[in-house]
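I have a structure here, written as structure tokens, and I will follow up with some questions on it.
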């Protein structure tokens, strides 16, 4: 671990962001048609490793089904608007003509209505009924109360999702959640995160989780670095968690999926996350340009409905591209925001990696001027 | 100490700013309700460790009392406008409709009127009479003449405050101040600063000071780095002074408070200062948005009334939030400028620190891209 | 090789961009009239080492001849518009009054027309007939089909040109190109690139190439770093390839030309590339300001006609300077965009280098603030 | 010497700019009235160490005399407008109403008129006659022809001034200048520069020069880093030359003045240059705001009349402050552009340095965020 001395009384790690890195093209190249970007999670197969983040502005029951049909995995927010309101689609539709201030206020009101288990179950069933993998997220605080009902409703994969989730939550209440016991007793695979350090990841892996999400404050709508002072530069966080995965694999023989979460906007960012050792990536903003996104032209994350400060922020976006075009092209403009899967394949072909496993082993260079600028 | 060679004939330390750092979330998390941010100074108890800086644009007798009632410590400028003018409140009020140029000129005139000991005493009594802790600052130059009268008027804590204060001031005048003797003979606790190096801090601690302020040119209204070439990046300054505190503690058994002073605008900045080893923080700008601030919409520091160049600068601000909201929320907008104490608690809960002492021990990461940008 | 640890599970090289470097003036200076910037490639002599990049927006048959008459080497794109359309000049002329969107669309249409070998041969002959060196580029994919015909049409030098070209292209097709055998059997000198690593360059050199192009994603119109995550900071790429050249020279006694390709806009950039060890530079944008450039006011690269995403981007430029003035002055304005050869000589005179070989040995300094800004 | 590996085939020094540095306030402070910033050069005494750069836009015979009366040293450009035109003042006056383009063109015309020795002599005499120290600069090319006449006209100190001046100028002409012999035979003190490396400085010192100027491309109007690729970050250049001075002192017992030249705009920059080991600084832009500057509102350097590319550039400025106010205050606005000498004293007092010699020994810190921004 690289360390510096901040001053006489304190030391610090050195951390790197994905944008500081590039993949080094090596002595081999490949045909793009021979490149395979498929990804497996606990027996489920996906044709590409880009997960749609559990954000009400991105994943509705309809858009989740569509994303699944395209070959990917979209995560439902089980505490989101569809779990609170029967007419969530309509409520989001109305926002398309609102001002930023109005959307802010409207969302605060909508999220103050409590989650209803029946609505949550319906949300899950809408995806199950269409034959797609139903994956949904809940916060650590509500996982004990919501997860069993979600599993019963047919949830395939559970994501326990917070800014930072630890296996060792200390509280003065008489009966704290034993995360390890909970994960082992639930009979569906569990993903947990975010986390951003070797120790935290290792303890999360030891709960029996199928995968961990890496990233604290890395997302475009997050302000935890600024407002809370918390976070780890994302490339370093991924590499540290990959280190924990290796140790866990040596100890248990079980390979835990490492999913980079947040802040990636181009295929290049995703390629670099995987080259740091991640198995898949979870993204929001790059997919929110899809016309299938339920909150047309608005982008906000699940932190928006948490009670604590800082809430995430609200961004304006433009939701006018078919999701299929975002993922597979064709490329009609040169903004790098379409054909994410194709560009990922192109990058792998150019650096000679046939599979995501090979991409994980490519060499990286860290520049002091990011992306040559 | 990390050093580089600038060139063949000169070496330099390496320094880090708070904004380059983040706190690493570790393997433990806590309930926010279990977090305690209280801070003690020489028997006085404060419910949070954020000190209001001695600036006429921020601390009036009224706002000091109000800040104390909210649980914090506000420092009066004993050489400020209330010590020079009977109608200081009115004089500041008038500025709300002035232009920048007019305020600059007006302030220069108001600060050219000498300090009157009776007015200074009245200023102190206004705080004492309301039952709050009276803390006031004087410059090193005037401390011998003003401090005894201030103590007599009921001052509880004295801050000796300059750009840099040293225990070894060399001058050709026949009778220079012996700071150590002065501090020992005064019968109220003394804080001293700014300082920014191990040696300077150690010598200040040896005078018997209860606390030292860390920061030279770190404040938002300061230009000493640009105009004088002086300063130390603040995270390094804090860590160096914390190193001096450790040595002083080993030598004497006396724990000196380390107070980070200047340049912090979000709870995240304050969390990082404490994670570097500080016990408390002194801030101006983030509190100047309070509607209780006497200089509505203007922000200027005590360096404004010093005779030397560069004076600090004048900033426009917007003073429209209740101080209570700045400190404790609720969060109505997402600018990170309200609920500073709540956000501090949230950060500590997320990284598993129950007290400020535990926060001082958390791990840090230094990024080459600051705050991920 | 300098390396850092990104995190526990991954390491990375450190890379430097040309803009981070400066040449250190040493204890000798020279008269500018004694400086010689001539460059030799396989028996061809050029009076300066600046190659015009194979871009349809820069190199037409006419501009190639003119550039040769001025003493330089311009590379034809053998899969460009002149190889696809009889009236390429006219087609480009029409774009001068189009909008960006229209040019984008028009180019996409024009490049969808297939290359015709007869037109390619004509393109080559136009340069040969004027007595200039005919150098032309083809992509790796089409080299086997196009290069023999090009050689037959009189091509003097072949450039095999792609984003990354490797000596080991793996594909599942039954009969992949054996690059080494191909180069040895072709009876004209071959340049190959881009490449950006020691190993790749060494393998390309072992094919028998006369020169390799260094640079992946370094060009002004390239987006491969952003969109694909691929690339190596250019100064590091050059120095690594120069290292491979030294090894190849030791192994074989054959000196391979190292040509820095992309991203250089001033004579200073070119001087620094050569000071890193390059023999010559290939540039586009700085020459595209020539009124001889066929695509008046538009700048786009050969990646524009490749099928993959990201295509290069389209830049607006202003094509109003005589090429002679760009190369040799006089300097009428102070933008640094004219007299590139003169400025190169001036830089060499000032640091005491008489020839390009001596410039390759000058000392460099890397600054943390680029170009002092 | 700190070095990095750019890539396998090339290494580089690491360099630092002044703006990356700050002076660390230490454990001593001083009264500002006890601070002494006087500077001596070969028996001449100056009350402050800020030299006015030989630029026609700054130093006229009148402004040189005025600057001398204020206690400083101004350098005449002996190849400037006053040495070419009888009515130089009038010619510059006319420019106050011209556009940038017109001034550029006008200056090119004015500098194409050859230098006349009689006018040069008159220029010198105007300063001598007023009892001030006459210091004048000539370019290396013309020094042999102009310097004797200048000495005869009463010149007190000669500056041999170019972008880079070396003691070993190699040229194919039959009779190159032997700089060492020339300096020894001239009977007035000689300053030489710019230079930016240990070796170059050492050889210049061995010619017998009284002082060397440090700085290549550091000035505000210079473009040599951008356009020629030449230069050394200024703090590193100063420290390297200071290293050469120490060696020269050990070898010969002769202390050569090190004068930092270019790019400093605030007192803070000047303080840092001296803290790196310089004895004095030579500046242009900060003094060009003086209403005594002959080229009202325009700023350009001596490189403007050199024949080579790149010429320096032309900047607009505002020349409305009395030179006395720029140097000694009072401070009427907070831009840091007045009271340069006072601010220098304030900085020294604050870090406990009584003399420039003590300032040379203060400790420095290098920040990764410059000036805290």
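As written, the chain order gives the labels A, B, C and D, with residue 1 at the start of each chain.
Going forward, a contact is a pair of C-beta atoms (placed from the backbone, for glycine too) under 8 Å apart; a residue touches a chain by one contact, two chains touch by 3 or more.
What you see is a predicted model, and the numbers here were worked out from it, not measured in a lab.
J.: How short can a chain-to-chain path be from subunit A to subunit D, counted in steps between touching chains?
T.: Minimum number of steps from subunit A to subunit D: 2.
J.: Is it true that over half of the residue numbers where subunit A touches subunit C are used by both copies, so same, or is it different?
T.: different
J.: By mean C-alpha coordinates, which chain is most distant from subunit B?
T.: Centroid comparison gives C as the farthest chain from subunit B.
J.: In angstrom, rounded to a whole number, how far apart do the mean CA points of subunit B and subunit C lie?
T.: One centre to the other, that is 57 Å.
J.: Measuring centre to centre with CA averages, how many angstrom lie between subunit B and subunit D?
T.: 40
J.: In subunit C, which residues are in touch with two or more of the other chains?
T.: Touching at least two other chains: 14-16, 236, 368.
J.: In their complex, what parts of subunit D are in touch with subunit B?
T.: 1-2, 14-16, 21-34, 198, 235-246, 266-272, 275-277, 329, 331, 333-334, 336, 338-339, 342-343, 346-347, 350-352, 354, 363-369, 371-372
J.: Okay, in this complex, where on subunit B does subunit D touch?
T.: 4-17, 19-20, 104, 163-173, 195-197, 199-200, 202-203, 216-218, 223-234, 236, 263, 308-314, 368, 370
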